[in-house]
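Structure, as structure tokens:
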Amino acid sequence: MGEVILTMKEIDKSFPGVHALDHVSFEVRKGEVHALMGENGAGKSTLMKVLTGIYKKDSGTIVYEGKEVEFHNTREAQDAGVVIVHQELNMLGHLTVAQNIFIGREFKKGIAIDDKKMNEEAAKLFDMLHIDIDPSETMSNLTVGKQQMCEIAKAISHKAKVIVFDEPSAALTEAEIDELFKIIRDLRKQQLGIVYISHRMDEIKVITDRVTVMRDGTYVGTLITEECTKDDIINMMVGRVIYEDPKQHSMVPENAPVVLKVEHLNAGRMVQDVSFELRKGEILGFSGLMGAGRTETARAIFGADPKESGDIYINGTKVTINSPEDAVKCGIGYLSEDRKRYGIVVQKTIAENSTMATLEKYMKGLFINKRAERGIAQEYVDSLATKTPSVDQLVVNLSGGNQQKVVIAKWLVRNCDILIFDEPTRGIDVGAKNEIYKLMNKLAEEGKSIIMISSEMTEILRMSDRIIVMCEGKKTGEVDIEEASQETIMNMATREIS
Amino acid sequence: MKKKILATLLCASLAATLLAGCGGSGNDASSASSDAATTDESKPAEDNTADDADAATEAEEDTTAVATTGGDYKFEIIVKSYQSSYWQAAVTGVNQKAEELGVTVNCTGPNAESDIADQVNMLNNAINNAPTGIGLAACDQEACLDSLQTAMDKGIPVVCFDSGIPSAPEGSVLATIATDNYAAGATAAENLYPALKDKIAAASAPVRIGEVNQEATSESITSRGLGFIDKIIELAKADSKSVAVIGNEYYVNNCSDKGDEASADIIIEVAVPAQTTVELCATEASAILNKADTIGMFGSNQVAAEGILTANENLDVLGTDPETSILAAGFDAGSVIKGAITSGKMFGAVTQSPLAMGQTTVEVLTKIANGESVSDVPTQGYWYDSTNMEDASIAPNLYD
Amino acid sequence: MSKSSAAGTQNKSVISRLGGQKFIVLLVVIGLIIFFGAASPDFRKYSTAMSILDYSYYIALMAIGVTFPLITGGVDLSIGTGLICYSLTGGFLIVQKGWPVGAGMLVALLLGIIMGLFNGVLVAVMNLPPFLATLCTCMITRGLGSIFANRLGISWPTSGTEGSWFRNIFKITVNGTKIPLGFLWVLLLVALMAFVLNHTKIGRYTIAIGSNKEATILSGINVKFYHIMAYVISGFFAGLAAIAYSAVFSTVQPGTGAGFELEAIGGAIIGGVSASGGVGSVEGSLIGVFVICLLKTGLPYIGLQANWQQIITGLVLIGAVLIDIMKKKKEKD
Amino acid sequence: MEKLKQNPIVVKLGFNRIVLCGVLLLMYLLFSVLGENFAGIPRILSALNYAYFLGFLSLGVTFVIATGGIDFSIGPVMFCSALVSGYCLTSYGVPMALSLVISILVGALFGTFNGYLVSHWSVPPFIVSMASMNIAKGVASVFTKTQSVSWPQGTSEQGWFRSLIKVGNFPVGLVIFLAFAVICSVILNKTRAGRYILSLGSNREAVRLSGVNVKKWEMLAYIICGTMAGIAAIFFVAAYTTVQPGYGDQYNNEAIAGCVMGGTSMAGGLASIGGTVIGVFIIALLQEGILALHFTKDYQLIITGIIVIVAVYADVVARRRKN
């Protein structure tokens, strides 16, 4: 491990309503892989965005190669050698791989862009990284994993001195992860500083040299990987033991009736022959890696995307669900992973969002009964403890957790018996997370049935009565909570399907 | 009666000039004023439609005493559009005459002849400006009727030029200065047909005469188109040739005899583009010019004639020799058409005298303002071709 | 199952290698030519081809230009009235003020560029929705053209007169045969702009902006500049189109021009430019324009009145887009 | 200033709306001072004539823009409605009342066509507009055999429809127009249709995933728009008598401008009927005032364009500040 190449000191950053970074410090040395860990919303990505100039810090200093710097945009950061491989892929789908890699710094021959040379250079990069991708392929034709590789190649091509990997492995298969690690070790040998953000404990142990843990926007501590155990890290991350506690046994009575039965559901590449049952009062966890097909399955059940085949039974009766409208009529509610895009109408008030699925019940003749609407909205603001001055508040002004509660309220107003929670706590701070968990448990106790899709292992283990694991569009396992462990689930989630 | 109205109009307009702040030196105009006063009282029918106008006239009565009988007239002239140089010539004529007579004119007009609503707004606006008189070349015969009524109620005399308004309220339009478009269209046929006669006589198969009209809605265009068609039919029948009219339904249904395409010796094909623009006229024209049996063409206004010439830029089939080329007759002048006639691309054209028309309009309006009686002034369509373009009777009418 | 899908992708790649929608539309163009040719002997004449080409220049030039804003995911509605505005102003200076023809043409081009710049600033810097921004400039150019030209209809110098040399740019007579020189220029410009689109930074970033503007900004590219450039190109080509229009149709009338842009945009979309941006090609737009021009010029030959032509053009437009949508749907499934 | 903006009454009415009203009044004062005989009833009546049909077009298109779509076939559709129904009236002897109904029906039909293609086939609204604009012009032209149609004069037996605009000097049209504006406002703000139209303009997917039949509501917006174009046709002919086939597109821009000027956002989700009404009045007053000052329509177009740019820019800036 070499000298320190990058130091971030006392970085502070607030967004309206959220103190995202509270005087966080962090450093990277040459030739080390430094893991940055923490729950979702702990502030890892924000910290890295401050580093690369996407966000402007409120206070604090960044010292890079001995000089204090402040990058104003990613371009400046790149030019200085600080490159980020984003969690959300920043690809230009209509351009080719090589064109994406060299975007903004194309090789030129006269005034023309020298695509041939770019292809050659990209090919060289891929050779070096031992990746098999055709540089002239259109980006959108690649799998998510391949696209990720391109992002890495792009970062490396920047002659980077510090590379930040923001959850690079989330979408990758085992084999691809091995590839990735090989590359990272190579880079470490070349004395690059590497920041590795991940949730996966196993990976941290395998690849990193040091671990820095963040929680709720604060710095918790830094450990030498070799000297610590997994539990040490987890304790630092969670801060509260309760997180680590898996549910010990299912809360669902043996004789609980099956409310939802899905048989041989097929919908494109991402949903292949999925079958399962959901019982009354059960929380059924759906686990798997990013891109495993869980969300797609949920959307197909809900009628949001067309399905090719498969039967759905509600309370034993076969139903036809071709649109969300049908699904809602069958008593299914869907809380999307991406609230802003699929869950709420941000320019509308809490009251208006709450009755979005049930408006016909709040009519007085032709007109909307605004008083009744506000009444029911207020009822759920109270019972869900949504923090807002009034139900007339525009949803755009609420924090993530409270927005999520509005979405939940929307389905509760509808009185849905089956609720699909897709990543219910993504982007929600820890306190609010606990409230959401409590709420879900309460709903289950009241006899609602819940499908919970989550990428957070702790969440799955804590909440589920039963767990279904998916991988590459197929159901690869189903375990009761009693038998479930991180290892078994991860095993199923990464199982190569023959 | 007519005199009384005139007096009213005069009075109102004089007062209006004053109100508008153009009041000049005061001569004696008390006779006009007293006349006006009596007419006002004798016409209570106005009350229900234009309280406002009445109020205005009343207010003005006291001031008319100081108004002049001469020069301080103000006229609003509204043309159909500014699109073609025809209208530019008319406006030039208006301005020339106005300067000569020492009257004020304000010329307006919509951007396109199809902007009927815009023109109605302009007319209403002109009425609200309370001018001495209004000269109007109406885009549409019906759309202006309400406004004309208002003008009459307010005592503003209207003179129509270029196109008449047959159904105008009695007494609102005091004179019409217009060409008999039907006859003008026929003039084109009269001159074109003899040149084609031999070819028609010699032809073994049916021959085709094309006609491009920019639209099928305005009186002037449709009259010209039908005048041309009917004249050809008449002349052909005299030579015992049968004629069929095909193409645009309006012209087919309203000509004197649409005949039978299968058995006809002469086929008249009428094309109307979707909008009144040169490039669309050109597209239509080139389709007809391209047909092997076409021997003659007629474009019934400047835009249509220019469309034919534009189409010919490629086809190069127009000329003056009926044996080797298609003969085209146009309408109106303008540098493009004039150039084509000089260079032998176009056989000839019918021109009106927009310049004179403009001048006459102002003249007539002034006469009305002076209390003189006026009557309709028919203008003519003149046939011109390369042989007579320089003639003293033609040359002044050939505007650029 | 897997076998057939593999065969499917192979089929797709054959067509996509030939240019996807471009290829299909090219077939449509050829089909239309054959159809009209078979239906009307007059259509088969050389002079007809000349008329179609003449008619196509200004639309084709506009379409080449507007392809760029379309690919950024925007649109430029000001090119139609802009064309008339530039042509009127240039023509006014030539005819009324006695400027040399070359200078008038230059003015037309300059005005185009200025208007493009204005559009670009509105969209890229002030963040106005492209549709609205250019709708406003559409109104503004319509008014300005009329004002600049004193509301007069302008006839550019006609052939045979002094200063008509500029007409030879588009059509030259050699030994009595007319050579459609303009088509050559259009093809050259298509080649040039296809090169610009595919092999220069301007084109690359135009596609990038239409593909994912955020990501393009994150790549550290001066997005504003390149976004503006797309509209400048569009304006410049509207200026070129103004010259072509003046050369072919001589007379320019104030107050017209609204609707030209829709033919150009329609052509571009038929030719495979995606209305949501990111996808499109200059050569595709040209082919698309010919579908529209062929319909416009060809339908009169089979005896269809102008009003039917409009209906058919409308239906063809929807048809073209529907085919595209169906195709995408199928690919997705 | 900031304080003023926070005032509850100001918030309720909308700051932009108040500014627009100020602009309207200022313009009127300006024209009254500068223009000849501008102040007074006749000018206002004349301006209203222009405001009626434009207003109905704008009201209709407000719904479509609220869904995040666009419809610029409204002008030609209005002309098509007026031509088809007028032709029935004058050539087939259809009674006046029925003709008016036909006019509205033709508009509604085009609205349905547009709406169906946009909502059920996901054809981009821009392209649908372009196509149906051509189709409307063509259909009108074919139906009337390329003839213009002149509606009966006020004095004739069937001229009663003109009292829809005014009786004597009383602007009946204004009452009707404002009544429709109120109805539109109620639909937009107090009914399910309005709620869903606005919501789906803001976030279509979220509304769809709430189990709402978005296709139906989106289509409804276009149908309302088409129907309004049909009504606009009646007010157009009542004011201007004659319609000519092949035209109408000159009114698209002004109708959309009026709507957008009033604060309806092209991004969808935000719409203000009150704003639309003021916007329309501004345009109508502008065109009247421009004429009175002896300028040409060209200046009106330019000024309208600039006002829209300013209004939209203000909206963009306000939004950016909010986020």
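Going in written order, the chains are labelled A, B, C and D, and every chain counts its residues from 1.
As a working rule, contacts are C-beta pairs under 8 Å (C-beta built on N, C-alpha and C of every residue); 3 or more make two chains touch, one makes a residue touch a chain.
This one's a predicted model, so the numbers in the text were calculated from it and none came from an experiment.
Counting hops only between chains that touch, chain B reaches chain C in a minimum of 1.
Chain centre most remote from that of chain A: B (centre = mean of CA atoms). More C-beta pairs in contact connect the chains of B-D than those of the other pair, out of A-C and B-D. Taking each chain's centre as the average of its CA atoms, chain A and chain C sit 44 Å apart.
If each chain is reduced to the centroid of its CA atoms, chain A and chain B end up 74 Å from each other. The mean-CA centres of chain B and chain D are about 34 angstrom from one another, to the nearest whole unit. Once the centre of each chain is set as its mean CA position, chain C and chain D turn out to be 30 Å apart. The set of chain C residues touching two or more other chains comprises 146, 151, 254, 259, 305-307, 309-310. Within chain B, the positions touching two or more other chains are listed as 110-111, 115, 248, 272, 274-275. Chain-to-chain contact here is organised irregularly, matching neither a line nor a ring nor a star, and falling short of all pairs touching.
Interchain contacts (touch definition given at top) occur between A-C, A-D, B-C, B-D, C-D. The touching residues of chain A, counted against chain C in their complex, run 54, 73-76, 78-79, 86, 90-95, 99, 103-104, 106, 108, 111-113, 115, 268, 306, 308. On the chain D side of its complex with chain A, the touching residues are 186, 190-192, 195-196, 198-199, 202-203, 205-213, 269-270, 322-323. Across the complex, chain B meets chain D through its residues 19-20, 48-49, 51-52, 106, 108, 110-111, 114-118, 120-122, 124-125, 127-130, 140-146, 167, 215-218, 248-250, 253, 272, 274-276. In the complex of the two chains, the chain B residues touching chain C come out as 81-85, 88, 110-112, 115, 247-248, 271-275, 277-280, 282-284, 286-288, 290-292, 303, 306, 309-311, 313-317, 334-336, 339-340, 343. Contact residues of chain C toward chain D in the complex are 75, 122, 126-129, 131-133, 135-140, 142-144, 146-147, 151, 254, 258-259, 262, 265-266, 269, 275-276, 305-315, 317-318, 321-322, 325.
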